[in-house]
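Two complexes, one shared chain (chain A), two partners (chain B, chain C).
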Partner chain A sequence: MAAQPEPDAGQEAAFAVATPAAARRERILLVVAAVALVLLVVVPLTSTDQAQSAGLPLLVDRYWFRVATIVAMFVVISAAWNLIGGLAGYPAFGNVVYFGIGAYAVALLVTRYHWSFAAALAGSVVAPAAFAGLIGVPLLRLRGHYFAVASLGVAVAVGEVINNLDYFGGASGIFMPIVRSDLLFYYLMLGAALLAVAITWVVLRTRFGYGLIAIREDESAAAVMGVNTTVYKIAAYALSAALTGLAGGIYAQWNVFVNQDVAFNIDVSIDSILMALIGGIGTIWGPVLGAVVLEFLIQTFSGRGDLAVVTQIGLGLLLTVAVIFLPRGVVDFLGGRSSLTLAYVRRTLRSSGV
Partner chain B sequence: MSEPGEVLLSLREVTRRFGGVAALDGVSFDVGRNEILGVIGPNGAGKTTLLNCVSGVHRLDGGDILLDGRSLRGLPPHRVARLGVGRTFQIVKPFGSMTVRENAAVGALFGSSEARLPTRRAFAHADEVLALVGLAPKRMLPVASLTVPDRKRLEVARALCTKPRLLLLDEVMAGLNAVEVDEALEMVRAVHASGVTIVLIEHVMRVILGVCQRVVVLHLGRHLAEGRPADVLRDSRVVEAYLGEKYASRYAGG
Partner chain C sequence: MNWGEQVVLGLLLGGVYVAVGLGFSLVWGVLNIVNLAYGAMVMIGGYVTWLLFTHTGIDPFLGIPVNVVVLFAIGYALQYVVVNRVVRAPFLYTFLITFGLDLVIVNALLLIFKPDFRSVTTWYSGAALSVGPILVPYIRLWSLLVAWALAAVMWWILNRTRTGDAIQAVGSDRDAAQLVGVSLSRTYALTFGLGAACAGVAGALIATYQAITPTAGEPYTLQAFVVVILGGLGRVSATVVGGMLFGLVQVLAQSAPHLGAGYQNAIAFGVLVLVLLLRPQGLLGRAV
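This part shows the complex of A and B:
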């Protein structure tokens, strides 16, 4: 927050926004996001009994709430992954473990210890962050592929342990008391998504963010310039875990039931990484854009027979094309140039080492 | 220069092994406060290993390194940086996705305990240092667009932004042409004049003769010679280390 661009020139913009044109684009994007946010907050209110009895049109139904809540959930998970994978450059493949720990924290605290759902949500933030802080010490000594595989291993192992201990409900999982409110879970997920974006925004403007990007670009150079790389990496990992856990905690109560398949589904990790990748890793809006577009497509076409199969194939092709030709993501592409020129593709391919 | 109170950096029997090879074998010397000390030696002499040991990148296998009397032994690189040791890398390591200015600002955001500025002041300090090294006009460019000499300047600028007491320069003049070397020498003198002690590794003898007050010669991980640059370069052991015995005798004879 300390480094807001000076009004006199884009010259003072402290980080990635290097040119006045890019600063202008950033401003336009902010206005669009603000308008979208107001609509997202106000429009669902038409579903309340008061609004309906006042004769307002019903703009959202149960299906809309389901899709919107899931989309918001993936914005949280993808933006959270972006903190460790995009900013610090540590490709965590098993972040779903924190979704699972958050989900189980809420399920256990509510059913076993009779905490209120609101209090249990705090547990879904603290427990994953604490676990990430501990496991991060050995895990973050690894780099690149080794770190990716090890983080995936942790996710699988934790899922198996929980599945085999009676304390966690074992294979039959945990059922929770039902809380029936589409509006509540939608607003909670939307709030978590806003929190994730806001945290990314703040991080990118502070010493913490510069330290993380320096680590991503060259860890040994960052260290000799005074960045405490160990502490920074663990802090980013724990922050990422806390946000992912929050999404898991909200999801657990929304879904009423948790077991290994629900809470430790590796697809959640993979989808969220793809969303960040397509949108643009390391950026504020990349994971948001990727999550909204991809999850919306997935939700729209799922469960529609042949069309769903064709859509799956189409998504696969889209991902392949996007990763090859836009390796720095859609946000970078839109922010940098106006057209998909050969020079752009060549430059990005070279810089991504393909 | 060698009075006890005047010593800033003191290396005592510094040893570092890689497997069975002793890259540094009991090297000892002192660096006086506000001195410019050159470290020379043939390829494989252990010069870069020496800088890595001082900056905390390598752990010591033996001996000790004292900065202002405080042992650096076992400290991780960021702690050494915090105590006021800045360094450059022979193979430059810019933060590729950042602009020139952001690269320098990282040094001011972190660095020594005199640095660690809040964001806005860090960028202001980065601008001052970039002006000193002659990169002010290019400060908003991405580092990818910089030439080799400019990347070396940026490497120095980043280290300077950490507000070091001691600056370790690893072959910052290599690959520069004559005019660029002159500019770089001016830069080193300016940095030195601002009160920074400098240890520099160089192969370019003009640099050694031009700015160094004293030179330490390393050969196969050992301290071979030490003294004023002109004297050391005439030392037959030094010539022999560089050229081999046969050529050394011819050089001495002719």
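This part shows the complex of A and C:
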């Protein structure tokens, strides 16, 4: 009765044949991205004491840093999910487990073993990747809904085990020594986001990336073609885990405190998948756009009391409408091949609806 | 606590999981949709029961037909207006859209009912039947019986009516079903409505022993997952076995030495992952 999920026509946008027009768009996009990056690196420097005493205008405040760092964090997590969920087509619903393992790795290494934060960050990359490599062996034998649920189960279970063991600080969590620097954590997250995008870019241009896409489109066919599907899938999963863990490690020190609720919050998984989907899964820029748009919306409209509740309703409606009308993601929509005309809506409805 | 009592309690709890799992399994099996708004629908059922009980004094068990009608209507409308548009899309899109619905329902409940705890306390809520040394709370016993009755009704609808034939046909091959004259969108909406009605019954049962809040339904979505995978997808009997077994696992895990309540989810999901690896089609499922 359970039909296999149908291959997604929209994902073809990720590796469309480069026409001259597409190449021109890509160049324009790269220039825009480069300018944005320079601004993102330079503008926050106006907050330093030197810049302020030199009379430069203060362009960013603490709130800006908070939002920007969280957006960068979700770019990392969403791009990392995109590697396993978007490219390999294995929709991991519990990637937050690697965020949590990364966060706990930093917290433990810093407080219990007195490593420096920089050295501990290496731990937040290695530990999640190792765990993913091990658990990935049985997990990645499952497909579709089953893989999604099993990966979610692993996240819930690991979070609960950590919550119960004294070694991990139990339910009261772990407090870390405070490092006060908005700039440091902002730059770290921004760097991690760049790394995640760069890794996606590289992967999409290598044999590894083509192998993953082949697995997504038809795993048996990929195996026949000589792709070692097991190794490819586990490698993609471990890479995804390493990046997610890095974000968790940075977040742990930034937040100064970790416990189960902070480190293993399932919403992180769900949000990052929504971001990739809204932006366009399987694409380089999809997770970036999705993270920026969605997290910005969430941060802007998060109020208190009834307003927050109404905001959540609006968010839910937005998601529903976005899936129905822009199922291929914003990147495909902005890709220039289509504009928001009735014809576009009708076409996407036809390809996704009944 | 002795083991006999634990087993009885586990089986009683399993009744609720049967009710929770039935609707989830039907929608997943026939529509290939994992409904992330399922727990929210269970809570709508809980609020229907609470409203009936506090405003008109209707007994939670006697009010179940109202739950069925209200939730069926909501489910039918949701499927017809929203979900039908993505039913053929890859499953991630259905995850996304049902997650959006979940956000809308949970927060609408928050607006209407506020985050306060609401409970339904009947005159027999504390009473228990003593069977030898074992105390069996009446509400748990009624819940189990209602859940079994629901399973029987669902089995009858799916296997002994024309509507059921249409649903099963769509579940096994929608194109062929359409060819022989089954209306897809209507059958989808009916299936989703029936699934929601099961959620409504589950909500009524849950309201009798647990406080209701807008967010209290969340765990039931995950638990419905586990129940369906334990038993196997797409068959009423499989869901009954999965639900009863999950109730047992939950209760026994809580009382296991050195573990206690803290590991309830870890053990449940550990079992889930084991089942998925050793027997992915579920204990009673057909080979996929």
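The rule is simple: the second predicted complex is superposed on the first by the 319 of 354 C-alpha atoms of A that agree within 3 Å, B and C clash if a C-alpha of one lies under 4 Å from a C-alpha of the other, contacts with A are read in each partner's own complex, and residues count from 1 in each chain.
Quick note on the criterion: a contact is a pair of C-beta atoms (placed from the backbone, for glycine too) under 8 Å apart; a residue touches a chain by one contact, two chains touch by 3 or more.
Predicted model, so just to flag it, every value in this text is computed and none were measured.
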Practice problem: Please work out whether A:N163 is in contact with chain B alone, chain C alone, both, or neither, and reply first, second, both or neither. | Solution: second
Quiz item: For A:L152, is the partner it touches chain B (first), chain C (second), both, or none of the two (neither)?
Solution: second
Practice problem: Would you mind checking which one, chain B or chain C, touches more residues on chain A? | Solution: C
Quiz item: Which partner does A:V323 contact after superposing on A: first (chain B), second (chain C), both, neither?
Solution: second
Quiz item: Where does A:E217 make contact in the superposed view: on chain B (first), on chain C (second), on both, or on neither?
Solution: first
Quiz item: Taking the superposition as given, does A:G282 touch the first partner, chain B, the second, chain C, both, or neither?
Solution: first
Quiz prompt | First, second, both or neither for A:N228, with chain B first and chain C second | solution = first
Practice problem: Could you say whether A:L142 touches chain B, chain C, both of them, or neither, answering first, second, both or neither? | Solution: second
Practice problem: Find the residues of chain A that appear in the contact set with chain B and again in the contact set with chain C. | Solution: 2-3
Quiz prompt | Of all residues in chain C, those that touch chain A in their complex | solution = 28-30, 32, 34, 82, 84-93, 95-97, 99-104, 106-108, 110-111, 171-172, 184-185, 188, 222, 225-226, 229, 233-234, 262-266, 269-270, 272-273, 276-277, 280, 286, 288
Quiz prompt | In the complex, chain A residues that touch chain C | solution = 1-3, 5-8, 85, 91, 138-139, 141-142, 144-146, 148-150, 152-154, 156-158, 160-161, 163-164, 270, 273-274, 277, 281, 306, 309-310, 312-313, 315-320, 323-324, 327, 349, 352-354
Quiz prompt | chain A residues touching chain B - in the complex, by the definition given at the top | solution = 2-3, 11-12, 14-16, 18-19, 205-207, 210-211, 213-214, 216-218, 220-230, 282, 351
Practice problem: Spell out the part of chain B that touches chain A in their complex, as residue ranges. | Solution: 55-57, 76-78, 80-82, 86-87, 89, 93-99, 102, 105-107, 109-112, 115-116, 118-120, 123, 140, 142, 144, 158-159, 162
